[in-house]
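Two complexes are shown next, each including subunit A; its partner changes from subunit B in the first to subunit C in the second.
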Partner chain A sequence: MRKPPALLKALGIVAALAALIPVGYLFFRLGAGSEKAIEELFRSRTIELLFNTTLLVVSVTLTALVIGFLQAWLTTRTNLGFGALFAVLATLPLAIPSYVMAFSFTATFPSISGFWPSWLVLSLATSPYVFLAVSAALVRTDASSEEVARTLGLTKWQVLVRVTWPQVRPAATASSLLVALYTLSEFGAIAILRFDTFTRAIYNAYRLSFDRTAAAALAVVLVLLTLVVIWFERRYRGDYLSISPASQKRVRISLGKARPLAVTGLLFIAVVAVGIPLYSLVNWSIIGSSTADLSQILEALLGSVSLAVLAGVAITVFALAIALWIVRYPTKLGRFVELSVWANHALPAIVVALALIFLGANLFPWLYQTTALLIFAFLILFLPNALGTMTTPIAQVPKSLEDVANSLGVKGNRSIFKVVLPIAAPGILAGAALVALTVLKELPATLLLRPTGTETLAVRLWSATEELAFSQAAPYALLLVVLGGLPALALNRQARKALSEVGK
Partner chain B sequence: MLMQIKDLSLNYGDQVVLNNLNLDVNQGELTAVLGASGAGKSTLLRLIAGFESPTSGEIFIDSKLVSDSKDVVAPEKRGVGIVPQDSALFSHLTVSQNIGFGLPKGSDARINELLNLVGLSEYADRKPASLSGGQAQRVALARALAPRPKLILLDEPFSALDAELRARLREDVRRVLRAENATAILVTHDQEEALSLADRVAILRDGKIIQSGSPTEIYNSPVDLGIATFLGDSILVDGHVEDGKIITALGKITPLNKVSEGQVGVAAIRSENFYLQPNPSGDSEVIGRVFFGHDAVVEVQTPKLKIRARSNGPFAPEVGMKVTVWVRGAVNFYPSS
Partner chain C sequence: MFKSFATLLALVSALTLSSCTSGEPNPNASETLQQKDSLVLYSGRSEELVQPLIEMFEQESGITVEVRYAGSAELAAQLLEEGENSPADVFFSQDAGALGAVSKAGLFSTIPSELTSQVDKQYSATDGSWVGVSGRARILVYNTAKVSDLPVSVFDLAKPEWKNRIAIAPTNASFQSFVTAMRVVEGEAATTSWLEAMKSNAVIFEKNDAILNAVEQGVVDAGLINHYYWFAKAKEIGKDKMKSKLAAFESNDLGNLVNVAGAGIISDNSASRAFVDFLLSNKAQTFFAEQTAEYPLVAGIDIVEGLTPLTDVRNPKVDLSDLDTLDETLELIRAAGLI
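== the complex of A and B ==
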């Protein structure tokens, strides 16, 4: 077997070590100030946060599951009509960062705050994850088994419960637990809508009182909650079922008299999830356009884009190195690197930011409040996603092509550059662009770690919203959707696949 | 008569899928509906199962009207079982749960009976993903038979299997259907399958049944040239009728069907009707040979035309040999209209 080039190993090990920083920090912090931390954990305030967070996570997850499942089932299996249109409408909220959606609601209804609006915004923002996973599963599962169930005496509603649901359950479970993780680590939307959960409390503890021990103690609880959700996901995901190619001929289930109700329901969801935000953003942008300071907007835009490009390139380099290592030269060390990078995939950004602030302030003062540290935070946060999107195109290049290249005179590992990377390039580029767009939209880590004077679209939106200057904030929100959200949606493989298959 | 289809038509917009189709199925019989792919075979089954409603016409099961253009009895109330092409097992259930799906709780005896019948008792607790294609089809058949439906529909159930497995499974399916005294309709594009398996064969073309009868009737007396060439490998030779014989470039041939003096038309000669006599001074020459083991197809250039003859494998003449071509037995003659 070939040996991995030293450069790949070096990059991989650096990434693995970086990935250990946040959790290492939490352990250190707890060890150093354990008494104070334990005291912090048993305050009634912490219990309240725990209750709020759990309530929000459970309610958002269930709501997103119901909305996403219904959208998927109605568009793929029934005679709803306008399937393609409704699929687009169900997917579109993905283009709106959740804190932008929260902003648009506050700007439209300034008096709202607390649990209900947070629940609504996060449910609408996350239901596309369930919709995409479940509709993909529905398109792939064999509709003829549903027809067979009819011939065996089941009514169409019994079929939904006894045949359709069990077949899409793994996809539904996995995606709704993704929603749970998303909600746990969400900061921007919850902070804008002023609902006290762990992320907001951690931010406030650090920002308002500079109480790092309290912030770290809360972060530990948040990470434990995250672990509980991940455990649930592993435990209840179930086996992915073997999928047979769907039969072409399929009669859609007739909704009968429920059809107008279903159409109205889906339209209503679309109006709230997409219509209100768009109206609000455009409306406030128009109001704000007369007083908008174009140079400020350009400055923030430049800040966002340069951070996105820098971080995108850095993350891509690391992700490629690790992907090549684990796909082409499977070794135990490579496996360990992959695992430690993956361990961070659900870590809330606010925890990572906290760890790096500590690292910068105490150990590497020259790094504190530099762009480099911010990029480093993005690397820890988004490397797992990038690794996911880049492993696939590399793994799809047959190993035999490298052997052929070698037999034709390409020396050793140079076949990576001659063969593997050129073939995998489209997938890699799409993955890199997706990572850069994710960085572009990032809020909490940027907020806590940015060097003084660095402005981004998200940060500007945040500060203007805090001052209730909606007309000032709106152009940033609109730019985030147009430059960040929509292109990211267009690059999303799962979304593209769903939109091309659903409604046929 | 168990099932009766009267003047059944189905259009998708301008596209005519079925056009005044008539078909009767007798109790306890296995009827094969044979047609080229795209002929509307699967659509016919979906209409019988109640998944689609006809544009016009009627379907009766047990003399009860179950489908017409206005009203379709729901699939779960028709007593029709279906075995789809891809078996479509419930992937989240075990083999025995699949078989028991349409049965009330506590029907273990019936499930075991069927497991035995299809020879899969050891697989009762397996998940479908671990079954081979042939085993999956057996489970699908057992599942459809379990509630004792009046009629079983088999939608090209062997098409996804390899040749050897297909032959074995055919035998099994026939045995199981007999044991259950089931009435069944099998649709297929494979004429060998239809002829070897069915009690009756119905040929579907242009959206209607153009001929139905026992396998021997269908094979020996195709009603038109299309069926003659569709069923088995036929060589078409121009000819005319003289003194009750067909006069062709290959000599005088006895007609199988009724002909009248002076008719001009085409004789359809099956490749197994040719006999190739090795003859150094013969006027025909072997120009190609495809060897199948048990037999061989030999291509021969006669003075006027090229023919394909089926010949006993080991004794088939070699390429380049001179032969005399004889036509054995009687053949069908189709006058040009």
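== the complex of A and C ==
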């Protein structure tokens, strides 16, 4: 087996060390008050938080998996009709920050709170992750084995479970991992809908009692939970099947009498996940006398876009290095790098931000409150998002193609640049778009780490709602959703690309 | 894999530990004051509100101000992490609790008494580490169509007739300051039984404005908020469209607690002092009274129409410096199952 290029290793190790900073910071805080930390952990409330958090993570992950998988299967493999439209509708919730979605729900139905609305909002906000990953996998896998299975007498349902599911399982579980960790770390929506999880307790410990030891104790539990989730994902992921892009004409599965039901279901999900938030945002804009000034909006727009692009590029470079390393040169060190990158993905952004504040202000004052440190924080926070999206397309490039390239005179690892990256490029771009989109929506870390004076749409949105002027907040929220819609639509197009190439 | 992970963790935390140096105490004392023509302000009060004020100050003083806006609690957490190496000169906080946390960590310089003396003592830190700038009163907001018998005391809300009718925001700093005051004045037992009654009577919200909206929409009959939220909403949609009214409790009732937004000096220099002085000037005090309907804390400034004067607010006698014991309050609120 070939050795991984030194550059890949160097980038991977830097990313792994970066990822360990927040965890190191937590242990430092715990060390400063271990007695109090232990006291904090052995309270009945911790058990309650553990129960609530587990309940929410499991239910949201399963729901998003079911919704996302069905949306993907219906829009790519069946005679549903309006497949392209429904695919766009299934992707769009990705553009709506979950705190905006939660807020629009409470604005429309003021009395809702607790577990059920939290479950609903997070399931709808995260199902696009599953939808996109599974769509891409479905479009790229060969449908002929399904047809063979059908001719051998299996029912539609049996084909779905026994033939289709194994093909998309790695994509489905990898995206479910993103969903689970997203739910673990979610604060905004949970706070608005008032459901107590570890993340909300951590924020409260910082913001209400300025108790950094208690916050650290709870955050360490969150890291342990993350490791459990990752372990589950590893266990059930299955193997990546490298595949050649399907080139034959597809036969669409007839839904028969279930078709109206499927259409109604998808429409209903779209109304709740996209319709209500948009209706509510437009409504705010109309009700209030919007006084937002254009130059401010442009400044925020520019800030958001430049941060998203910078972070998108930086994170993509690191994610590519790690993805290539673990897929093409599987080593123990590579697996460890991947694990450490994922391990703190469920940490609330405030923990990562405070760790970097502590380090930056006291050790690297020349880096503190610079764009560079903010991008570094985004790298720690969102590298897993990119990794989750890019690993599959890279793994799907047949190894044999590289061997062919080598036999034709492309030397050693250069086949990565000549063969692997060009073929996987659409998937890599999709990952970059996803990261840019996530950075657009990010608030807590941006607020704490941005260079003084830097504005983003999310920061403006926050600042307007702090002053209670929802009418002023609405244009920023709308713009954020519209701007987020661009990478979201690009992602969707990407996922369905092969489908349009093959034709209907 | 997990074993090597643990090893690296230990390594990283060891690195972090060894590289953390505790800062030296500020060697300013009675030496001549450092002259500066620029200022870094950490503002827990919003940009919409503060920015016009900053521009006034810059014009007047010729001092350039760089403002960092975030939530007061987040900024306090940030200041605590930054420690002695904070780039901030002044911290302008939305509430006394965040100021108390920074003060406890010993990060504030004492503000000169010619500045603090402009504000009634009950609205500043007793040790002079921070000064109150504007005040807000806790108050009852009620939907006029749903409430006819107003409660006399905040303790009346514990009675069964208020079941599911009163809205509170237990995670909100203002509510917690009020419960802290109750704990300090009435004791733990009385506070606990009030909180337990709230567990069955109250509808829980995250923020004051959510309470006000719910009362306006008639989702809940009444709620405990800060007075200026009502005036802000009235300004946004028009006073005549408001479906709710404000009501104070009886004299000296804890439900009338007056809390403050205030400022503390992190780095003592001419610019920091000039800024705090400006916040207490007639211009700035009038600005707060007009823009936010808050109470100016320096005497002789007009307040917004329809607002009871601060001297007539029958607020309980509570030392705001005692309100930084949020930990113990949180314990009570948690024990009652409200957060």
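Quick note on the criterion: the second predicted complex is superposed on the first by the 287 of 504 C-alpha atoms of A that agree within 3 Å, B and C clash if a C-alpha of one lies under 4 Å from a C-alpha of the other, contacts with A are read in each partner's own complex, and residues count from 1 in each chain.
Heads up, the rule we're going with is that a residue touches a chain if its C-beta (ideal position, glycine included) is under 8 Å from a C-beta of that chain, and two chains touch if they have at least 3 such contacts.
Everything numeric here is computed off the predicted structure, so don't read it as measured data.
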{"item": "Subunit B versus subunit C as contact partner of A:Q167, first or second or both or neither", "value": "first"}
{"item": "Which of subunit B and subunit C A:V148 touches, first, second, both or neither", "value": "first"}
{"item": "Contacts of A:Y368 with subunit B and subunit C, given as first, second, both or neither", "value": "second"}
{"item": "Partner with the higher number of touched subunit A residues, subunit C or subunit B", "value": "C"}
{"item": "Contacts of A:N204 with subunit B and subunit C, given as first, second, both or neither", "value": "second"}
{"item": "Partner chain in contact with A:A191 - subunit B first, subunit C second, else both or neither", "value": "second"}
{"item": "First (subunit B), second (subunit C), both or neither touched by A:F358", "value": "second"}
{"item": "Contacting residues of subunit C [partner subunit A, same complex]", "value": "1-2, 4-5, 8-9, 12-13, 15-17, 19-21, 40, 46-49, 66-71, 73-74, 76-78, 80-83, 85-87, 98, 101, 171, 173, 176, 204-206, 209-210, 213-214, 217, 219, 229, 232-233, 236-237, 326-327, 330, 334, 339"}
{"item": "Complex contact set, residues of subunit B against subunit A", "value": "42-43, 46, 49-52, 74-76, 78, 80-82, 84-86, 88-93, 101-102, 128-129, 140, 143-144, 146-147, 149"}
{"item": "Subunit B-touching residues of subunit A, taken from the complex the two chains share", "value": "141-142, 144-145, 147-155, 163, 166-167, 169, 241-245, 247, 249, 251"}
{"item": "Parts of subunit A lying in touch with subunit C, wherever the complex brings them together", "value": "16-17, 20-21, 23-25, 27-28, 31, 45, 106-107, 110-111, 113, 191-192, 194, 196, 204, 206-212, 227, 287-289, 332, 335-336, 339-340, 343, 350, 354, 357-359, 361-363, 365, 368-369, 444, 447-448, 452-453, 463-464, 466-469, 471-472"}
